[in-house]
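Heads up, there are several structures right after this.
Two complexes, one shared chain (chain A), two partners (chain B, chain C).
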Partner chain A sequence: MAYIPHTEKDRQEMLDVIGVQRIEDLYEAIPQDVRFPDLDLPPALSEMEILEELQAYAEANVETRHFNYFLGAGAYNHFIPSVVDHMLLRSEFYTAYTPYQPEISQGTLQVIFEYQSLIANLTGMDVSNASHYDGSTALAEAVILALHQHRFKREKVILSPGIHPQFRHVVRTYLQGLNLEIVGDENLDNGQENLQSMIDDDTTLVAVQYPDFLGRIYDFSSFGEAVHTAGALFCVVVNPLALGYLKPPSEFGADVVVGEGQPLGIPLSFGGPYLGIFATLDRYVRKMAGRLAGETEDSRGQRGYVLTLTPREQHIRRQRATSNICTNQGLIALASTVYMSAMGKHGLRQVAELCYQKAHYAAAEIDSLKGYRLWNSDPFFNEFVISCSHPVAEINDYLLDREIVGGFDLGRAYENLKDHMLLAVTELNSKDQIDALVSALKEFDHA
Partner chain B sequence: MPEALIYELSSPGRFAVALPESDVPNTPPPDGLEREDLPLPEISELDLVRHFVRLSQYNHSIDTGFYPLGSCTMKYNPKINEVAARMPGFAFAHPLQDEEISQGNLAIMYELQEWLMEIGGFAGISLQPAAGAHGELTGLLIIGNYHRDRGDFARTKMLIPDSAHGTNPASTTMAGLELIELPSDERGNIDLEKLHAVCDDSLAGLMLTNPNTLGLFEEHVQEVAQLVHDCGGLMYGDGANMNPLLGIVRPGELGFDVLHFNLHKTFSTPHGGGGPGSGPVGVAQHLVDFLPAPIVDIVEPGDEEIPTFGLVTPQKSIGRMKTFHGHFGMHVRAYTYMRMQGKSGIRAIADHAVLNANYLRVRLRDAYKIPYDRVCMHEFVMEGKWPDTPDIHALDISKRIMDFGFHPPTNYFPLIVNEALMIEPTETESKETLDAFVEAMLIIAEEARSSPETLRSAPHTTPFGRMDEVKAARELILCCRPAYIPKA
Partner chain C sequence: MDYPEDLRYTTNDEWLRVDGEFAVTGVSDYAQDQLSDVVYVEVTAAIGETLAKGDAFGMVESVKAAADLYMPVSGTLTEVNEALSETPELVNMEPYTSAWIIKYQITDPSQVDDLMDSAAYVTHLKGKNS
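Showing the complex of A and B:
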């Protein structure tokens, strides 16, 4: 019985106080015919034994410490300074609950306030909430904000095909009960011009991604204006790490900025937990979902922080809340707060620039190979598309034998991108690693 | 003493992390898209460490003291869980890498699915939902899709008892369903007559937390399920209170068609100051095809050897609820915990959670009013109010208990109890801790009469006093700009 401190004597004394003979007597309200099922579960393992078992499971995977990864597509292998995990392991942080009692939760509350500040400053927006589950659910919540802003009178949502396919899928799952028209992403060729032609006075929100799923970066300034002219909200899905180097989406007139926060110091962890970033303008703050920490003062005149504007939230407003979100990504937001502070003004820019430089080197080298061609010439950040003369799965198998995890097979997400590979390069990919990838690709084509 | 903000510790030229120089030829920046200024702080590593360590010390946490926060199940978070989740094979695997090089991760997810289905009495499960509320939305979308798939388009009503968590009605709205609130009877159960009256062919289902938020096992749960099923509705279970049911009863056998688990409550993954959680959704056989994709399954049953696992999409899946495979890091922790409990340990969790709660209930019942005073499960609700002390409220009791080194109970919830104080001790607390808590609560009850001001001005020994929440909402300072950017 792991983690249970009771001795036989304790149990007996407690049962005596309660006035029953056995613990079983406390379950009389439970229907007898289904009480005490005989569960088919194995016996307990000790810590020594489970560690051995877990080790075996862990070692059955390939991971970034031993293979060279060029796989991104929404989750990236970045360097995480040691200090980040050490702060996460402060158990005063990780074993605390949501800070509903501010007198004894100032640590968590000030961290949330600092997280909100860092995200607002990184995105150029006025205000950030305390986080969503991940980038995709943050995008779904952005649509819900827009629906509230237009009092559910506008029913069309325009999504760029450059938005992560899984994000678009999640938006559709979330909103399936609301009878909305979700368009724009039926065709990969729908660039700014086509999307702009779809905007009408029934459009509530238009969303684009920057850099987009295929790595491309565009200036959305005039597009943002067109969205506003039609009275719709403009949402930009970002890679927050790219904003270390690239113009913030506030300069495109974004009303809402959402994104996957994983690149900001969060381990890949086979897909989660990650971090849903959500930032917006002051004028939408009361329609925004999620928790918010605000500055105030305590009874002794000290500066302090509390969860504020809670009447928007489910525990107060119930069915009229802006969202059902309760638990969010508190500890992951802490990780990104420590990461952004540790990298700082110059470090984050340097990381982003390294990604950019190395990706461009890799793209040029691969483009010069026979059998591989850079898919288009648009500017990109740290991911790019290569047209291959063989199925991506075959190439990736070949690379895997050489301890390289190749790029994402775009045929899995876009019909007309069969035999196209999306490669990601980060600061962790050395020139040697890139050169090894290039040689392996070359060998494969000759093989 | 308040801690400076990270931006206030910043000074131009400082840094914590040095990076290598670029080892590739230079590429010019993207035309017109390069950022001019990046307003992040500049801070040394030591200053940064002290800042966050000092902040951590302003928190109450399970590791620093008793946390009897009702409906939150603040049990001990085993340290091995943290070690497990950080093993490189788990922490550094990419979610989109091929299944064949992710077999260890898929095996853990598969095993966790099996454990949860066995404990819950379900035929299928998805580990994708990120938290309890996310699981609720998932389950409600499953229910909606099930009815529509049968051509039953008129079922739009969800029944929810008045004692429910706020997420239940909020999730109902998000799922596009209509909420009907059900009153509780004088024993804290669903009022069966009222339920009868609203069961018709517009019913999508009923959403029930069992044990309910009073900590009481719903005495007519099988009749409720029968009534709902007889008129074509489905039963949704909010598994927030699953802890006292482990090995005691399987929700699937009580008639629940869908239920979300909270790994961060029942299965010891840390709350993290507000997440990340994990809210897997289990379903009965007739709903398996509607689960969100992907699910881990055996795709090749190896002969005697280890099988091959893969990700599969159920036939009529409601779709994807988030990117990738859910909060895998939490799956590893929960799996580790279950494996260390084993069959007998799983049952012992419930036994001791229920024992602890009833012990506290009986020891406090003379000093505090317990409006629904019968044998409880893992928690119980008292009134933080006495007729002879009109100026004392549940909030004052909550603030005063901090002075004794304890976290307050949940207050003002559930809404059906006046000035509610909801107490959940969990199974990991010793009798000595419970006795110390009782003693403090008895002193407070006495102080409420002898020196009410001590309660009203509490807490006294915490680093911060009561916060001015009105000022926070009025001034709405939600963000700090670096000094060189003037506030708007």
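Showing the complex of A and C:
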């Protein structure tokens, strides 16, 4: 028996409706000679042979455990305690689907609730949703929240050039078609003063990054005030791990805090899946997209958890919902919840402090080398910019031969940062590793 | 269900009470009953803003639904019932009195006559439920 649900008659009817004779007619746009190309594949292999081949491919990758790794630029190589994976792989949690039925989903709902509480604590905000795809889409959702807050009467968005370049790209992609004026990031020199001069009564949201893409830490207190004076919303993009050590953005008057949650116990994994953090103030909660779990009591007075404030969401509000975001990164949010719980407040601070201290040691050592100079004197967290006297790609090739993964080539993101390298240092980089990097850089300059 | 005679009604279940050149609007008894427990009332239009008949001015959210509110006639918003932000349940308890939602100056009084009176609204609801 063939498991083909459509009969010949069904198919003919469908073809008649769309007005073509045969199924092949649907592919008319594809040139005849490329429809069934000769793929010239090697002969089939056995499972054993295939595994061997794939293993060889996998081993050709640069792998963080066997290399000295100093690449960051938005995704960081941190230690992940074993308990994270252990909890993650429990079958009870093994679904990305939204738990609509509290009767059978108390565990998942409680995790979401705990996640929200931890993120709210870390950012200093009133409320957090249960995540977006990644930091960049969370930033785009912050813009959407602001647009709704101003009922689309304000159409200007100001983005600091210090925001991750890919985040800025995603915001533009996400919001295309709305004819927004997205400005501020056209020049790397646009600091707080320049950005502030761009704020007007058409500005809906102003976003900055903390620490910024180049690792720099600024105090945004008076800037935040200026944003509010103009009636705009203030969004701060964060590295959540840095908040273990830095003053929370709530103290700058942030209306929305977003960020990439990857540093919180999520492996690098070639760039995803990651976790979009989104936290805001009570007064914007109904305009916030995404899942929200709340604590409540059942008919017997026992503590329980439910999805809350759902009427603002698309399955009820339909086209009038603030956002069409539906799927979140539930499993990844769980991983970060376990990570934050395992580390605790002091553990997070310790990791952040280690990153900070090691990065400062590395920066000072490299700055003392001939041919390398620390680009700026601003305070920084675990990343810093080095001006090099040679192209970054050449230096990185040299380092790679010595089993060191060097920093991000900033010339790829900023026109005037050619020959500048962004180096990241985490708690996983030992002093020996840093010293090996410094020696290799020195050797390169002499070579 | 109660549909006072001195009010006018819309097909979207808002009511309107004329008071000189002004009017107040809320949602009907039928609307509050359909929505069930109201937990949030939001007026998105700003005071001083002029809206056309049919423009959305806010929404009512209950434990199971969220309904948009539309202007029964064109007008300029003069007042918003602040009490509803603290006690949205008034919409369920007293939909025609303490749960008025907005007050506005009517721009075109002739539009009022196009709205349904109590009897017409009752007939309209019967048609909806049959």
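Criterion: the second predicted complex is superposed on the first by the 388 of 447 C-alpha atoms of A that agree within 3 Å, B and C clash if a C-alpha of one lies under 4 Å from a C-alpha of the other, contacts with A are read in each partner's own complex, and residues count from 1 in each chain.
One rule holds for everything that comes next: contacts are C-beta pairs under 8 Å (C-beta built on N, C-alpha and C of every residue); 3 or more make two chains touch, one makes a residue touch a chain.
Note that the coordinates shown come from a computational prediction; the quantities given were computed from them, not determined experimentally.
Engineer: Looking at A:Asn77 after the superposition, I want to know if it touches chain B, chain C, both of them or none. Which is it: first, second, both, neither?
Structural biologist: First partner only.
Engineer: In the overlay, answer first, second, both or neither for which of chain B and chain C A:Arg320 touches.
Structural biologist: A:Arg320: touches chain B and chain C.
Engineer: Could you look at A:Arg312 and tell me whether it touches chain B, chain C, both or neither (first, second, both, neither)?
Structural biologist: In the superposition, A:Arg312 contacts chain C only.
Engineer: May I ask you to decide whether A:Ser377 touches chain B, chain C, both, or neither, giving the answer as first, second, both or neither?
Structural biologist: neither
Engineer: Considering only touches as defined above, state whether A:Arg151 meets chain B (first), chain C (second), both or neither.
Structural biologist: Touch partner of A:Arg151: chain C, not chain B.
Engineer: Of the two partners chain B and chain C, indicate the one touching more residues belonging to chain A.
Structural biologist: Of the two chains, more chain A residues are contacted by B.
Engineer: Which chain A residues come up in both lists, the one for chain B and the one for chain C?
Structural biologist: Looking at chain A, the two contact sets intersect at 316-317, 320.
Engineer: If you look only at chain A, which of its residues touch chain C in the complex?
Structural biologist: Counting only chain A, the residues touching chain C are 151, 286, 311-312, 316-317, 320.
Engineer: Can you name the residues of chain C that touch chain A in the complex?
Structural biologist: 40, 42, 44, 59, 61-66, 68
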